[in-house]
Amino acid sequence: MKRNPDYQFELVIRVRDYEVDSQGIVNNANYLHYMEHTRHEFCRHAGTSFRDMQQQGIDPVLRKVEIEYLTPLRLGEEMVSKLAMRRECAKFVFEQDIYKLPGGEPVAKADIWVVCLENGRLTKGDVLAQAFSEYL
Amino acid sequence: MKRNPDYQFELVIRVRDYEVDSQGIVNNANYLHYMEHTRHEFCRHAGTSFRDMQQQGIDPVLRKVEIEYLTPLRLGEEMVSKLAMRRECAKFVFEQDIYKLPGGEPVAKADIWVVCLENGRLTKGDVLAQAFSEYL
Amino acid sequence: MKRNPDYQFELVIRVRDYEVDSQGIVNNANYLHYMEHTRHEFCRHAGTSFRDMQQQGIDPVLRKVEIEYLTPLRLGEEMVSKLAMRRECAKFVFEQDIYKLPGGEPVAKADIWVVCLENGRLTKGDVLAQAFSEYL
Amino acid sequence: MKRNPDYQFELVIRVRDYEVDSQGIVNNANYLHYMEHTRHEFCRHAGTSFRDMQQQGIDPVLRKVEIEYLTPLRLGEEMVSKLAMRRECAKFVFEQDIYKLPGGEPVAKADIWVVCLENGRLTKGDVLAQAFSEYL
C-alpha cells in the first residue's frame, strides 16, 4: 500500500467502550466507521456535507476498501485519523491512516475508493470534484 | 412491569460476537436492536413491512422504552425474543421479553411505546391498527 | 420522569452518519450508546475509568433503563449529553438527558439504574460510591 | 480478486433494519460484521468456537481486508454469505462473498487475512489449522 505523506485532514477520536469487543480490542468493522466519520468531517471542513450532497441527489458510495490492521486500539484509547484524497477519473481515492495517541503508533491503513451515483447511476464525479477542488 | 402471558410472535436469534463488549456480555444497546428486529419480523409475519409503511408515508417511531436487564447473554448464546402488542389510543405498546435458550432463563423485559408519524405529524395510528387488526 | 435540575457533567457529541437509519433519524439504540459514552467520560472526569474498575474486578452493569424519545436527531446534528447521578442503596441512578445544539431542544431523557458486580455477584456498591464520592 | 469456486460454508442472513443507513442501503461496515458472523458460524460448524479458542488463549485477529462493494442491500432483503478458506503459512485467507437472495446478484466480495495470537504474540497458526484440518 503506497502512502501519501501529505495528509489533508485529521481528526482526533476517542474509542467508545461499546466499540471494543470480547477480545478487548476495537472490533475490525469499527475502523470503517471511524474512517467514514473522518471523511464526513472532512466534507464539512471543505464546506459541504453528506446531507447537502444527498439533497442534490448525489450519493457517494464505496466501491472498494483495502485495509491493514497493524496495532489494535483498546478501551479508553485515543487516535488521530488522517486522510488524503485524490481523483482517478470517476473514482476518488481516500488514503486513510489511523495512529494511536499520544505515541503515534500506526493502527490501521486503508485505501478507499468512492464513486458518485446520481439517481442510482454512476456519474463522472464532477460535482464531488468541484466541492473538493482545492484538495485535488 | 406487568406481563402479558400471551405472546403473539417469537423469533430465535443467536448472539453475534461483535455484539458482545469488553465485559464479555452483550452490550445493553443491542437488546434494543434485537427487539426492533423482532418487531420488524413480526410486521412481515403480519403481512406488512417497515418498508411498505415508509412507502405509504407512515413512520412508526419510538416514544418510550422501559427495559429491565435480568441475565446477560454471552458469546455464542442463543435467545428467543417474544412479543405481544396492544393499542392505547394513538400509541401501540409492545411487551417484548427475551429468554435464553435452551433453558428459558429471562434475559430482558421491555415495554415499548410506538406512535405513527405521517409527514412528521402524529397520527391516530389507524393505518398501523388496520395492518395488525388480527392482533389487537 | 422527575428531573434533577443540577447536572454534574456534560459532553458535546456530533451525530455520526452511520448512526442514522433508513428513517433519516438516529436509531433508537444509539441513544443508549451516547449515554453510555457519557457515563464513561464522566468516570474519566471523576478520576477513574471503566477499565480501571474492570481491572479491580468491579463490573458496573445496567439493571434498568427508562428512556423517552422527544425529538429525533438527524445527519450532521450536534447534541449535548448531560448527566446527574445519585445513589439508592446498592443502585446508582443516572439521570441522563440529551439536548439538540445549538437550540437546546430536548431530544431524549432517561433514568438509568446501574449496579456493581464483583466476580459476578452483586455488591453494595461501595467501590463505585467512593470513586464518585464528590458527586453523591 | 481471484475467486475460489468451491465454497466450504454458507449462511443465509436477513438485513436488519438498523443496519441500513440514511442512504437507504446497508452501511459499508456492516458487511464486515456479516462476514465475521459467517466465519464464527463456520467455526461452530467445524466443531470449534471463537469462545473455545479464546479460552485456550488463542486470539484470531484480522491482518488485512480487501473488499469490493458490487450491489447494495436494502431494507428487508436477504443474502447468502459464502466462504472458502486456505492457509498461507501463518496466515489464513478467507474468501468471503455475499450474494443477494433470491436472485444471486453479487453484493460484496472480500479476501480476509487472519492470524492467530497467543498471549499477544504471533503464532504459526497450528492450533487453528488443526481445528480446520478437514477444510485446508
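A, B, C and D label the chains in the order they appear, each numbered from 1.
Definition applied: a contact is a pair of C-beta atoms (placed from the backbone, for glycine too) under 8 Å apart; a residue touches a chain by one contact, two chains touch by 3 or more.
Everything numeric in this text was worked out from a predicted model, so none of it was measured.
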Identified repeat of the A-C interface (over half of residue pairs identical), from A-D, B-D or C-D: B-D
Winner on C-beta contact pairs when B-C is weighed against A-B: B-C
Whole-Å gap between the CA centroids of subunit B and subunit C: 22
Centroid distance [mean C-alpha coordinates] between subunit B and subunit A, Å: 34
Of all residues in subunit C, the ones touching two or more other chains: 17-18, 22, 27, 29, 33, 36, 54, 75
Subunit C partner contacts - residues on subunit D that touch it in the complex: 17-18, 20-22, 24, 27, 29, 75
Residue ranges of subunit A in contact with subunit C within the complex: 16-18, 33, 36-37, 40, 44, 49-51, 54, 74-76
Residues on subunit D engaged by subunit A in the complex (per definition of touch): 22-23, 25, 27-30, 32-33, 36, 54, 59, 61-69, 72
